């Protein structure tokens, strides 16, 4: 019982269905295998068919005109073209129909080329198959309804998640076009990874020199709103109209009041020092030291044998101590820890009458070190070694600080873990000195709701955790450092002022750079991280530039496929860098010969010689694999986009839609999509900006009508469908006890339609009735229950 | 707790003190080792180089026997036996190999369904007993003793599920409750050379020298091992090493279970310290 | 209409349990109004009338015929054809006539197997001589004839045109009353082929339970687990056919803390109730691991009987030969 | 009896395909991690990586004539580190088997001899006896080595770590049945 | 009826638009040959296919039904194919119980780049159905 017939089905006024069938020869592509004339004869005899014709090339101008003429002449209200795949020419014929005044969705394509004439040589059977395909289309098209492409308005405001170079580039492009941008950055400052680099390959221009102006423009742009130290908490809505919650972390500094004078961190007594804590593994004491690294904590398991109880402050001052007592005063009065006591022994001779006593109250804040006028006190880490490489920071080494002195916004934040106030309630120095009264220790997390029309994800990359790769010695040997650690070591604002020094403060005489650590390795990441070859070459150059030193590159293949990259590789060869073709297998400090004494030994096969080599060096730089950000999966779910096998965000098409995603209105750029260097990240940021501006400029977004519609008179409200939708287009209306579909979110997969036990959901263009009719046509039961 | 135990040829012949101390230290933590009835040689690392299917079938005979005895675990104390039996078990996951080896087993009226878990005694002590219970069993702590735990290659290679393949610490964690100090020992999983000591002596000596000199540099009093072959290779050739390398002060090699049993109250004689080729005199005196 | 001016009423009980007849009795004193309004010309349960009386009626003599029970035997078929001819309005009354109902499950075995079981194999049968009913049996007094079973059981509309369907096993008295009242009051009847005496939504619409998301990791049965009376049974892992069952029963079973078994049949837009339900149930299985999916599905006893308890004889499956 | 190189390469791959992950041998990127992880590669004519290169070049026969496979101590360092997941140690075993099968003797055949002795021992008694294994091995390789190891043997004996009477498995017929079944299969 | 050599099975294929339909087109553009027994029906996602369509196809004259979708993890709609992955075994268990060989329904994953695989699957399935013989139907029920 079809009660809706002749209503919205585009039937002629008397309800008659008039189908025109057009069979294409496609030159000989179809006609050689399918008897086209026979198919036309067959089509003529099918119910509802008013006219059937064949033509050499249906997709040609005259072919289309033929259809258009017939629509008028024969009063056709349905069209079937039997030709190539609909993926090829469906848009063409839909357009032709529309131009002739027929709703384009009253058209159906029968694919008798790709899936018929081309895949068999048996002409009678190919003809037979073509007939079935045509009959299925004729049967189906009778039930087609007029559909309209829907337009949704697009909010001009753009959300960019991630303030690295890709996000900054996109933000500037969009903002320069006059459109408002909200730039959300998780760290306290924008700039991303690039802000920690000293130089960039292959041009060797200073990263800060090219990045800082962009950061500043972004910070000052009237169309860009930066939300740093903030994260996207949730996203709802759809293309054109997203509702986004931004969670602003507790910075303890009011960015509206702060003028960036820096007094707070100059006055802060707490030095960021490595922290360690004792944990037990099955009753056995292990130390897990966690070090501050670019604002992120990392863990290093230190093996037994390094088990000395760590003393954050040396308990015996060196000979430099003049027993002035400043440290003890600071500890008691500023820190409130009372960990240092200055003892006076009146009876003893002058000079020896004073002594310092340390007790267990030390919280490791480092205030005493800062107060010490002679440098007699030092901070050491869990292994009693001087903090150098593991103190990887670019900004002030304080509990309240900015990540770099070029921070944008130039607003400090308080690191709760090291701040004395947050450890024992004392201090409060920064609040006292701040002329703007911007510091507030009881600041709460804030949630901000914004509405945007499109979203760009540019969250960048992480590097692989090196601790589990014991054979390379990272976390075990002082002078084995990661690529990112080397960048900071090299950076003019770093702890060594840009000098390349070993952990003991002396310059290395030889450095090994190990490629492919965790990349191209099925135990970790199968992908090539793409940037390591080039930055490793850059490292070699920087080392050679700054220290007199031998440099060894242990590589599998040098992949230098970018503009000027191969030339850079050549240049490094000229600079006498030693290239050893062979992946390093292990780094050990165990000498097997006198020249290895006191050195790190890199073991690798020189595969060009077929010889095993042990190369003693002073410093080893590892090039760890780039991997997806921790939490990428969660963000992908929030946004309704996918992650690929390696965890990077999935683009809509790897070649043709590299910055679009499966979710309309959501774009990706930079290394969050796959490992990328700066030029590629910038290019993608700009490309995404262009995509977004084009969407904004059009003002509306067209939604295909192949969406789910719910017949509320049939829906019983069982809610089986709700979770079927990957796009959250379906929701339950509690009041009316029915499911409702937000068609702007629906992508038209039809999964809910197949799931609905009540038959209450239909997919426009793929209704149950249409598919059933198609089946009947395909199987020759057309007469039984077609449009009649 | 009872475990089905597979001693292997070496434990029977060259390392009776290992077998003895194994039983002793296990008893102290409530474990009884029941020897697998009429076991066959596992094939070690040699047989598989001649005929892989036969090697698999031979060693799987032991697994089949264990399965028939209703055991879920088959425990061994020899690294080579451990790995060979485990590999045979794993090979049964390959269609062709399982087919061929099963056919051979069938001819002997046996079948293996892949239900037996092959375990090493060190790992059983660590995971099934645990440091806490070991700690309870300690009566005469080994305070002051510096031990280098030598795991050898096969304990965590190629199967890395029981410990790190580069720097395992299974033995360290088992012995730590004894009160002895476990020194950092980078060479803990380096290879002792295995059969090369017989066929290519110069290569074998170099490998053992690397391990021993590392232990010396780490100031170990004694090297503890968990494998009868490692034990022989490390102790029997120290004279020969001295002829090639700078090696004059011999390093005593003990089985880790000897140390454990001593700490649990056994005497030097009980654990067969006198069967060590390089006698740890200081221990023999202390636990006389 | 007859001489007394009253419309003629008939009711017939074909292959079925008779519950539909009880259903009519359950409209209680309203039955008196029905008896008063109509002239009952044929209703074996209520009045004494013979088949030959019916045969003697002229075509269209009966104004309203409620036909309950499915078509299992040649006798059922004969009576269906006879009553069709004699009735102006023929109603498939109750689940058996509507869609075959539980007897329809016999179609998964075939008539021979059913006879074997009934006369030989069932545990309670003692039949050492292997006696079977004979279509014709010669007796001194003359031949005895009994009906023969057809190859398959069908609902009423497979053998004759049906004007209306009243679903339910049995149809619920309030619904029967509503139908009868409407007819007696001369209300305009819906187009032929319609389902009457039921709603157009699903049982969920009438179900008061709280519904959340459905995620099934294991199938539960009421005999082995106690359902929470306030939460959706499906949410709890009990297979409830409510989502794929036409409303109208006022969620009788679920209100008694028993899952809906689907007797009101498919809702309006659904062609195959069982297939729809299995699609819905399978879709919410909470796993994407093929092996685990198999395991979860295997935990469901008798899927065919569960999904097609009432509708097998009307499903797409009925058209397939086993 | 020499076999042409290319079929040997195919045979090696086929041998490995019988074990889990064996097919990964085809994914070698020639990085050399295996060789540098190998404690004995310094003494090999062909490093483990070079074995795969030779396999690809159809030159396995040269590898089989070299000591490479017989220097493998079976420590699995290569296997656990190989970024391509290649089962190197098993490849070395396969090489040994290939050499034996094709009658190719390595330039130093002591490893082959020791193994053959071991296999005989196990085949015969189901157990291996160190003393008799050594004794038989020295008879095959010449008395020089035996002399060298006399001190070792004495040392072992002195510490009650030598068993003079070899153990035997009781269910000898089971072993024979296994052996026969496999020999039948191999024709 | 038993399987005979001249029996040409009628097969209905439900092809998801993104992977399998594209893969089928690729088989065509690559001119890979396969038996012409399958009539393809395009759906947007294999998740659109519900068991009642499959049963209807069998009831209306198909001897076998092939459902082709994107490989798990590659679904254009995230995991529409996971729903199909659950529905098909459920349908098969019902078919089995009713006495219809569940092999008449097959779910396979074919990506847009697997033209060869598409042809192979269709070929394989056609031959399997050919061996099973025609699906008999109850032509007249009363």
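Letters A, B, C, D and E mark the chains in the order given here, with residues in each chain numbered from 1 onward.
FYI, a contact is a pair of C-beta atoms (placed from the backbone, for glycine too) under 8 Å apart; a residue touches a chain by one contact, two chains touch by 3 or more.
Predicted model only: the values in this text are computed from it and were never measured.
The minimum number of touch steps separating chain A from chain E is 1. Common neighbours of chain C and chain D (chains touching each): A.
The highest number of C-beta contact pairs joins the chains B-D.
Among the other chains, the CA centroid farthest from that of chain E is the one of B. Chain A has the C-alpha centroid lying closest to the overall centroid of all protein C-alpha atoms shown. One inter-chain figure worth recording: chain A and chain D are separated by 49 Å, centre to centre, where each centre is the mean of the chain's CA atoms.
Once the centre of each chain is set as its mean CA position, chain C and chain E turn out to be 33 Å apart.
Chain B and chain E have Cα centroids lying 56 Å from one another.
Shared interface positions of chain D, defined as residues touching 2 or more other chains, are 81.
Counting partners per residue, chain B has 210 as the residues that reach two or more other chains.
For chain E, residues that reach two or more other chains under the stated contact definition are 50, 56, 79, 83, 87. By the definition given earlier, chain contacts exist for A-B, A-C, A-D, A-E, B-D, C-E. Residues of chain E touching chain A in their complex: 8, 10, 12, 17, 21-22, 24-25, 27-29, 31-36, 39-45, 47-50, 53, 56-57, 60-62, 73, 76-80, 83, 87, 119. On the chain B side of its complex with chain D, the touching residues are 9-10, 12-17, 38-41, 43-54, 57-58, 61, 90-91, 93-94, 96-97, 100, 103-110, 153-154, 157-158, 160, 165, 190-191, 193-196, 198-201, 203, 207, 210, 232, 236-237, 239, 274-277.
The part of chain B that touches chain A in the complex is made up of residues 130-132, 135, 164, 166-167, 169, 172-173, 176-177, 182-187, 210, 214, 217-218.
Of all the residues in chain C, the ones that touch chain E in their complex are 71, 77, 108, 150, 152, 154, 158-159, 270-272, 274-276, 278-279, 281-283, 285, 287-288, 290, 293-294, 297-298, 300, 302-304, 307-308, 315-322. In the complex of the two chains, the chain A residues touching chain C come out as 1, 711, 713-720, 722-724, 732, 737, 751, 754-760, 768, 772.
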